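First chain A sits with chain B, and in the next complex the same chain sits with chain C.
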Partner chain A sequence: MSSISGIEPVPSKPLVTAAQLSVALPVLAVLLASAVFAAFVALSGQNPATVFGLIVQGGFGSSFAWQDTLSRAAPLVLVGLAVAIPAQAGLVIIGGEGALVLGGLAGAVVTLPFAGVHALPMQLLMLLAGALIGGLWFGLAGVLRQYRGVNETISSLLLSYIGIAVFHHLTEGMLRDPASLDKPSTHPIDPSHMLPTLPGVGVHAGLAVSLLLAIAAHVVLRYTRWGFALRVVGGSARVARMIGLAVNRWILGASVVAGGMAGIAGAIEVAAVQGTANSSLIVGYGYSGILVAFLARHQPLAIVAVALLIGGMQASASLLQRRLGLPDATMLVFQGLIFVCVLVADAIAQQLRETTRR
Partner chain B sequence: MSVPQVELKNMTKRFGANLALNNVSLLIRSGTVHALLGENGAGKSTLVKCLVGFYHPDEGHIQVDGREHRLNSPKDADALGIGMVYQHFTLVPSMTVAQNLVVSGARLPAYINWQSELRRLAEVTKKLPFHVPLDVRVSQLSAGEKQKAEIVKQLYLGRKLLILDEPTSVLTPAEADEVLGHVRSLTRAGELSAILISHKFHEVRRFADDVTVLRRGASVRTGAVADLTDDALAEAMIGEPVSKIVQHAPKSPPKSDIILSISDLRVNGDNGLPAVKDLSLEVRAGEIVGIAGVSGNGQLELVEALMGQRDRSGTIAVSGSSFNGTRLEIARLGVYGLPQEPLKNACIDRMSLAENLALRNFDRVPLCRGIAMNYGALAEQAERLVAQFRVKAPSLTASMSTLSGGNVQRAVLARELTQDVRLLVASNPTFGLDFVACEETYRRIVEARNGGAAVLLISEDLDELLGLVDRVLVMSAGRIVHEVSAEGADKRVIGKYMAGMKAA
Partner chain C sequence: MDPTSIGWLALPLAILGGAIRVSTPFIFVSIGELITEKSGRINLGLEGTLMLGAMAGYAISYLSGSPWLGVLSAGLAGMAFGFLHGLLCSVKRVNDTAIGISLIVLGTGLAFFLGKPLIEPKAPPLPSIALGFWSSVPQVRAALDVNALFFVGIALAFAVYVFLNRTGWGLMLRTVGDSEDAARALGFPVLRVRIIATMAGGFLAGIGGSFLSLSYPGSWSEGLSSGQGIMAVALVIFARWRSVNALGASLLFGGAGALGPALQGIGVTGYYYLFNAAPYILTLAIMVASTSRAAPFADAPGELKLHR
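What follows is the complex of A and B.
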């Protein structure tokens, strides 16, 4: 014993633990982005304090603001999960927008033949159809990666454009409701099939669905052997194969489930908000989901919190426009700044880890 | 420019709280080969990195021909004629040797007159004892030729002090002899001085004039090689008297039952070309079969195919059942492995020590019931294994990457060898490990064999292999070209087969 302990020094504990770092980094990134954003609005002639005040007011300042924020958070949670679940398996899939719009389209058309049927099975059918199509869409990226060596980040992004194009093609073509003149849409779903409003909250039931799925994802990833195996696959495919895990299946599974999440987000937007599939689905939720997941460090419960934050920011955009005449895109600038800061913080943390290891 | 006498005086270098070099002095006499011996982490590479200007010592200085110099960057070292040959090749594979040499010059003109450069190059290299084909692409050279080309590059650049960092680790014994022999004759002729980093005693004995032993950052022994015995060097290296390098357990006659049977195995390498060609072999219960070979002759692909990490054709059977590396088969047939570089190839660096110890059985009772993990049981198992195998770590929840190399290996040994092992595949299991961890690895492998397991040991270190195995197979160009029992093994014959100089 003594000879061994003499030669092998016990490494000292690092100054900051990984867990502390994973909270501190995103917070720092948001603070830094806020500082840059403050400079940005100051340059466009506004008082930063006023702007931040309005963001808080517009996102969280009233029950109406909260309703707006929460109904935006619902899809953001799901598209955030669509990035975070594959991230556990080491994938960076950013094509949530494509899976979302196609899932929405599937949800919009699947119940059309069943007008007047009891609502609950139809609502479930819509979500299921969205999940299936979204899962299929991400599954394609997974297949391309595992069997053809195509980078999943690029393929999922490009598939997203294809998905949007297919969506336009169908909603403006064979699935178009001739009555939708200025805004090509599918036939509206039976109004009785729309998702109900949650009593007491004033937000549609899609919020509950996304919260339940986030909790489910948390439990599965954290407390089951599936989550464990997925982390092994994400940590090293080589080692996963050595211990006998079927890596291809795990990667495909994670992709399909993730695509399903994005697809459900689209179906909820149709079943709770739009009532039809139309271009209002294509508002960038899929891309915001990337930000949500990265800021939450791919932790499902943190995704809920971050989705609220980003949802609130987006909800406040119209207030900024009305009160200060700031363009609609101001919030996109803020989001973009946060994203860049998160990526930079990640890169710096990575570098720190490597230098301390040496 | 004559060959300078280089002296490092009282070098001290700290990395944070870690004292990497502690007042080390080193004198390289003009025209000699000075060997640096020491375990991994003893400070050898820190010392030479100070000498080539990568690191700046906190205290101490460097004297060349009695004059003090500050080396702020590798450029300063270059100006003094100090150059380094790395363990891994630094030539551009897609360029010819000549092109590599020309572009290695520090001051390249914007326009290169290849005609005149190549003529000048031919002049320079003609005088060297090394013969390297100049107009062949580096990717087509053998490892020995590449190593020679690296040295030629240093000489072409006018370097007078060469630092060779384990230059023979990728060479066959014959190639190693040739390369080091040339270096030695150049130093004898007074054209060069050299620092040879090695941990092979026989190399030091044959090719070095002086030797310095480093241990934990301090110079513990220095002197002429001729004055020091191997035992004295080994003792200085590990800081205690050496019992014996490998305790080869008494052999029991191998049992008759065949555990591993591979037939007509074909595996492609990463480049899509066949790397393992129609390979067949058998390993019986209670024997260690070694596969010797120079790296890159299909051993990696063989192991990966065996462990289910690579597509293949042909059959692999364990205890008579076909084996494809699924979790079920691994557990039922008892197939486990000790890969090289365990942190990279057997562990998930960002998962915790406890989780890494559970990779083999995380989905079985008691660690898992149904689909629910029992993290309490996982921690208990980790605690038990850590105590049993004396793994040192900040905590059970520390991420694997915070452990030292030896402790990562202990953790992998704990995980793999506490299973019901019937076939153990060990691939360069001691690569990069310190003395104590090597010893322990050997002991555990022999124990597994004595417990009735079949062991396939792939190693590029022939001494290690011959010290452990019962039977040696030599692999060259994807095939088994030679087989001999350990008693009848002759290193020179094996070396020839390794080099592909004899066909099967």
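What follows is the complex of A and C.
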């Protein structure tokens, strides 16, 4: 660490370029986090090499592991986008969990009256309903910030808790299927309306939806006026106003689109995995999305890669539990360590960039 | 009429008792957050600290047989986490909101990992003081069976008020939080003050966490904290960065949190989940009411960045 921060700016020939740094530092950060995690694992009486071996095996070691990883990555990509898109506009919205479960609930009930209708329009309707409700939920945080000055990080998190309460209230009350005894659920959707499995991959079509949305987000943010405008708003609201951008509208738009992503993630979980809205939707995807987005520095394509990595890590947790008796939370510790190290590395990289530029 | 049957009075009594119980962790976490924010930093990671404190307190109480040793250990664990937060946020250009979130993940992960063997065993809980001894009505006795930490919390609120407003160190803390330039001109060690303030905040949040696991009847589970650490940040804004206000706000939040279980106790169960969301709804409503777009945070410490 000291050798890196000790680099003096040499105008003619810098030791490392900014591009090299922005790759090298996160890698170093992950290595450091892995080292700390290894020490932690060793302290709790396990062989770190065995643990790392099982993580790779459980996440990426077989076609079954890959299927598990990919089907976890699908919602992670979307909840990652839900954090990353508002981040372009300078917002830290972290309430993806609430938007996800409410989006899932909307998706679960919207097609119930249409059993037997052709599948494709119903599947689109489910995703649309999820997007709409999720967008509405995040939109609230955007409105409160722009029109009332309420910190969006806190309000989105509170809204998330409220959303989960509403979800419980409805799935255990008005919308409950009386036949769901031990696990309160909504009425199951028509089985023919479930999202199909992608041929040759063995993973549901929700994966394709999330990849397409990530690519769309990448294109829009990188190559269009919209992406540019959003970054201007994120850089400085005053500058944005001076060049005639309607800041409120951009902030709101970004929040709604982001909530829509989280809502679609919930709808996909219902339409492809669960078949009903039930408490299995509340497994912390929304919170993992924060991690995914920050590790990917809010870049949509990087989000896909990080979602695969985190999905794989989460998929391996059950193997660690079975083989070594390590609790589920082992992976939470590892993720937390990576998160901390990458954030600090990012800050150092930014500092170095500023020094070299000067 | 049966003297122990008190009819509808059972509801306000249950809310009162619940408010005292639920507010105790709020008092500690919010005053901890307040001290940190007074130094010009925001610690969003107290949710993780709270879980870590709950686990550490329970573990040490179980191992040593002394719940108070558990409380102390919870505080020390929280302080260690506060030190980590303070250190990480001293790196220039680091995003302190994100650091807070990452420490929630890490703290929760550590608490769940290390707490796995603690779900079964029974640790000695903290003592409570039977203020309802004069009454023969069981509901009154239950409501006024007050945990000792509650009184520590009340004393703390006033002690922090005196510390901030009547002592030299308090002045130094406020100066660092209000204007870094002024603090530097006066020769105050800005970074050190902020790290210590974050450690103090972590210490108190850890104690708040120990209450969750060590108050009667006492148990450790992964669902102990449900956003109290996050709500504390909102609560400090509502309390306008004043410790005695934070005490009142904690009681209010505690009352809101007690509403659901109290209603369930008298047989109103239809809206259980919605009533349980009352603290979050109240927090949100208060934040909407107490901020305005023109002057979002009039009383906030000058260096505190609630809006970037």
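Remarks
Keep this in mind: the second predicted complex is superposed on the first by the 322 of 358 C-alpha atoms of A that agree within 3 Å, B and C clash if a C-alpha of one lies under 4 Å from a C-alpha of the other, contacts with A are read in each partner's own complex, and residues count from 1 in each chain.
Throughout what follows, a contact is a pair of C-beta atoms (placed from the backbone, for glycine too) under 8 Å apart; a residue touches a chain by one contact, two chains touch by 3 or more.
What you see is a predicted model; the values in this text were computed from it and never measured.
Judged by the touch definition given at the top, the superposed model places A:169 against chain C, while chain B stays out of reach.
Here chain B and chain C are compared by how many residues of chain A each touches, and C touches more. In the superposed model, A:340 makes contact with chain C only, not with chain B. Contacts of A:231 after superposition on the shared chain: chain B is touched, whereas chain C is not. In the superposition on chain A, A:243 contacts chain B only, with no contact to chain C. With both structures placed on the common chain, the touch criterion links A:120 to neither chain B nor chain C. By the touch criterion defined above, A:330 lies against chain C but remains apart from chain B after alignment on the C-alpha atoms of chain A. By the touch criterion defined above, A:351 reaches chain C but does not reach chain B. Only residues 44, 90, 92, 94, 144, 146-151, 153-155, 157-159, 161-162, 165-166, 168-169, 172-173, 287, 290-291, 294, 327-337, 339-340, 343-344, 346-348, 350-351, 354 of chain A touch chain C when the two sit together in their complex. Interface residues of chain B, counted against chain A in their complex, comprise 15, 17, 39, 238-240, 307-309, 325-330, 337, 339, 344-351, 355, 359-360, 362-363, 368, 371-373, 375, 390, 392-394, 399, 401-404, 406-407, 434-436. Of all residues in chain A, only 1, 3-14, 18, 223-229, 231-232, 235-236, 238-239, 241-246, 357-358 touch chain B in the complex they form. Of all residues in chain C, those touching chain A in their complex are 44, 88, 91-95, 97-99, 101-103, 105-113, 116, 226-227, 230-231, 233-234, 237, 270-274, 276-277, 280-281, 283-284, 287-288, 291-294, 296, 306-308.
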